[in-house]
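Structures given as structure tokens follow.
Presented sequentially are two complexes of chain A, the first with chain B as partner and the second with chain C.
Up next is the complex of A and B:
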């Protein structure tokens, strides 16, 4: 859902750049000096994996494809601030090196994919952890979080197009959330599988994030 | 042990690249589909405007004829660049703390 250039008006462009720059500044400040020795390589691996996963488009209903966003997974394993920093690096490189998403639209893409993608699903898992969930419930919460982490950025994307006055926001919102509700299901399934595997072979990675939660 | 882990990691990365380049769908993604449906796709600006900035446009490695090899190489390059960039940011963020820690000791020494 990387927005190309030519769709956002100056007002929306500036607004999105402002929010994203502010968020990333806070994220860098919050992570500064708090990264463990083992967190840095983990962040690198996460970033590389998410980059590759976002290249992998799977066909979904009606001649449309979707790809994993991974923001929820990054936030769960690394924490919200670290996760959105990794996601921001991915989106930035996609834009600068691979021309995926416009340069002017970069602020909006950072806001949608890196920031909203990282924050919009994690609260469900945090809520579930308060109740000391069973493994099933925890994975279910992860699935719900992953689903939200696709649908909310899609809604934001529609909002930005609407704010730019390029398309009626209601139609855009319905269309964007509709198709991404499907893509989100795939994101949820893949995320649950990944987390289940991690829980089995590297449970320490998950414990780290629940300590922070 | 550590070396074995790195080798495993690189092998997994190579496998992912091949998987992506062979199986990735070429269909328009959710946003592109919606834009086409709304009839606003024509607003998209030609990417050539910022061509100087993008060494690997459309996730293709230039001058390689096989689409699979070209995409696999782009995926590999992208993974390496992202890994390098994120680790560099992480190391800078870690370093900053150490410098900050030193400051008070210098002042009172």
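Up next is the complex of A and C:
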């Protein structure tokens, strides 16, 4: 879903850069105030973890395989602000080191993958926590959150392409959300399984982030 | 380490490798911007840009085959877009036909990705970070990035080791079991990473870490480099002016 350069027009490029830069500036301020300098090493290591987690391949139907995207997982484990900052660092490194996504399209990729990927699913989990959920319900909410964290960025990506006049709105939206609705199911299943393991071994790590969020 | 491909050519020695990272980032941004602002039908302009990039690649001494291989990464996106253009063309610019528009996008994104590959393989990541920091990107964010970069290799190594162990143990296992065991390995990797992060932090505290990292300032903007950068920008602008009056 990383948009390369050449697909977005200047207006969209600028708009996305503005939103992303603003969000990350606020997020940095909030994380700094809350946990002090301790966050930085921890967040750095967690960003590296997201990278490593994306290395694991999961077999899907017919010889294809997929991997975790991790935006929702980062937000759940670290909180919205920290999660989106870590994902922003991941996206920036993907751009500068791996050429995943363009230099000018970086603003849009930050917006889609780092920001929307981190914030679009967490509210469901927060909502479920208000009702003191059973383990099953909590995991289900996590799955729904992970699904949304894939589908909403895909829709935003389609929107940006449409805004740039590159691809027609409706078809792009239907196709992008359609494909990612399936990818989202994989993300949801993997995320649920990962969270279940963490909940079993170190439940305190999960509790901390949900208190913060 | 099995990921030496990451920084593979960024330690070569060429004028571009030696240049100030700030200058490289700014010139690359400017170049990509002017590529983006090119009319899709203006083939002459694209060709001249291609020529400039090709000469930069030659100056940088990076094997062209490597650049070619890395730049193929945009193919999936191009396929995706072409599918959309195949199905429905309502609301698209009336000035150009879908074919010209599509060709324009392919050329633009290809030139841009070659430029980006050139930028990242002529600069080490720490030097890019130094450049970004001098360009007034938030210090905390730079610190975060440098931590991340340091630990990516360790964790990716660990992830690869875990995967190898898993594969040799569950040869022939069902798909669902494989998925489940991989997920729990990621969960365990998270816990280990978290604990590692806490250890790293306390180790740093005991060595007097107070939130800032002091590094030697190794980048220096030389006058000659500024002139070369300026010349490059001027050439790009001249290409733009020239091709606008001689549009094909």
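One rule holds in what follows: the second predicted complex is superposed on the first by the 187 of 213 C-alpha atoms of A that agree within 3 Å, B and C clash if a C-alpha of one lies under 4 Å from a C-alpha of the other, contacts with A are read in each partner's own complex, and residues count from 1 in each chain.
The rule is simple: a contact is a pair of C-beta atoms (placed from the backbone, for glycine too) under 8 Å apart; a residue touches a chain by one contact, two chains touch by 3 or more.
Because the structure is predicted, anything quoted here is derived from the model rather than measured.
When the two structures are aligned on the shared chain, A:100 is found in touch with chain B and with chain C. Looking at the shared chain after the overlay, A:44 reaches both chain B and chain C.
In the overlay built on the shared chain, the residue A:52 is in contact with chain B and with chain C. When the shared chain is aligned, chain C comes close enough to touch A:197, but chain B does not. When the two complexes are overlaid on their common chain A, residue A:139 makes contact with neither chain B nor chain C.
In the superposition on chain A, A:10 contacts chain C only, with no contact to chain B.
By the touch criterion defined above, A:75 lies against neither chain B nor chain C after alignment on the C-alpha atoms of chain A. In the superposed model, A:25 makes contact with chain C only, not with chain B.
In the overlay built on the shared chain, the residue A:175 is in contact with chain B and with chain C.
Put simply, chain A uses residues 3-7, 28, 31-32, 37, 40-41, 43-49, 51-52, 55-59, 85-86, 89-90, 93, 96-100, 102-103, 161, 166-167, 171-172, 175 to touch chain B in one complex and chain C in the other. Chain contact summary for the complex, chain B toward chain A: residues 9, 13, 16-17, 19-20, 23-31, 33-35, 37-38, 40, 43-45, 47, 49-50, 53-59, 71, 74-75, 77-87, 89-91, 93-94, 96-97, 100. Of all the residues in chain A, the ones that touch chain B in their complex are 1-7, 28, 31-35, 37, 39-41, 43-52, 55-60, 62-67, 85-86, 89-90, 93-94, 96-100, 102-103, 154, 157-158, 161, 166-167, 171-172, 175-176, 179-180, 183.
By the touch criterion given at the top, residues 6-7, 28-29, 32-33, 35-37, 70-71, 73-74, 77, 80-81, 83-85, 87-93, 101, 105-113, 115-117, 119-120, 125, 128, 138, 140-141, 143-152, 154-156, 158-160, 163, 175, 178-180, 182-191, 193-194, 196-198, 200-201, 204, 209-211 of chain C touch chain A in their complex.
Listing the residues of chain A that touch chain C in their complex gives 3-10, 13, 24-25, 28, 31-32, 36-38, 40-49, 51-53, 55-59, 68, 77, 85-86, 88-90, 92-93, 95-100, 102-104, 161-162, 165-172, 175, 189-190, 193-198, 201-202, 205.
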